[in-house]
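Dumping the structure here so I can ask a few things about it.
Chain lettering (A, B, C, D, E and F) follows the sequence in which the chains are written, and residue indices restart at 1 in each chain.
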């Protein structure tokens, strides 16, 4: 019955459909293994966020990436 | 004053503008009726999520729909 | 398959268990009626937020309520 | 270490990259000033919501804007 | 840099501190393995939701559990 | 009309009512200054998260704090 929301950077860094499927499967299995949660009602929603819209350290990921940091 | 966030599948399953207006009106009326909340400050945000990005039962809706399940 | 999150003020304004059940039922029915969504996988999560932690108009609900506004 | 999510209307009302950078910087500084939170691990995510998908007062912003209200 | 929010039932079903640590570690590792995300800036927030406040199938988990369903 | 959600650690690190009021006022002013958003309909919700429930770097803040890191 859990609900999981994963937010990560999209655009040039967006995961492929296969990678998203792996995240969905992996999180669902983790909750089944650790907490015995029923996979049938475990919901996972992935949000891909534009790099201008994600900030860390007081600046956008766009600016951060332009300095070659990761 | 309540805040309501509705997440549902978009893409080929995205609701029309008229359907979204009906959800907004319906949720706002529900909160006014049940809890006497003021409609003027009731906020509703609808997120349409790509079918690759929504998982249930450990797989994406894309895969699930391809098996004709609902 | 939709996911709905309702945030409202708690504490002295918290809804009763019966009112929360009515919200859950009402939102689930709304999504079934307007969008034909399956109630069996419609998830509703209600968050009750302390009045010091909810702001509108630049001030907390605690302060706002103390001025008898609604 | 805080996480901040800002939701606002997009489309014709979407903020520019420079405005989003100013929001990210401003919120991060606010949390550092008021609560001494470390900017290096302060995360800000901005969601731009389509005007059909944002409701207030029981109607969408699209409808509301068409009446010249703000 | 991802942000993950896990919502699950609390109260009598609340996970232990050790189980929550395992969820945090597991999700962080999953994102590093699948998408090469940096664990140092991966944030995980777990919300424990009261059973009266979680609805599925149009009714609260409290009611659902009282019928011995899972 | 924006909606802002701030999540930060609670428990022994919880902000005071005065600090929360300052966050609410500060964020509301920032959105008015940068984007000319109307303070009357700007909503801010602050979530205080238990330190066992917040993870960064693959471990909970509880564990992280016990090593005197910040």
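Note that in this section a residue touches a chain if its C-beta (ideal position, glycine included) is under 8 Å from a C-beta of that chain, and two chains touch if they have at least 3 such contacts.
Here the structure is a predicted model, which is why all the values come from computation and not from measurement.
By residue number, over half of the touching pairs seen at B-F are also found at A-C, the match among A-C, B-D or A-B. Seen from the Cα centre of chain E, the chain whose own Cα centre is farthest off is D. Centre-to-centre, using mean CA coordinates, chain A is 20 Å away from chain D. A separation of 26 Å divides the Cα centre of chain D from that of chain E. Measuring from the averaged C-alpha position of chain A to that of chain E gives a distance of 14 Å.
Annotation for chain D: residues 1, 3, 7, 23, 27, 41, 43, 45, 47, 54, 56 touch two or more other chains. Taken as a graph of touching chains, this assembly fits none of the simple shapes: it is neither a line, a ring, a star nor a complete graph. By the contact rule set out at the top, the touching chain pairs are A-B, A-C, A-D, A-E, B-C, B-D, B-F, C-E, C-F, D-E, D-F, E-F.
Chain B makes touch with chain F in their complex at residues 1, 3, 41, 43, 45. Across the complex, chain A meets chain E through its residues 1-9, 15, 19, 22-23, 26-27, 30-31, 34-35, 37-38, 41, 54, 56, 61, 70. Residues of chain A touching chain D in their complex: 7, 47, 49, 52-60, 62-63. Only residues 17, 20-21, 23-25, 27-29, 39-48 of chain B touch chain D when the two sit together in their complex.
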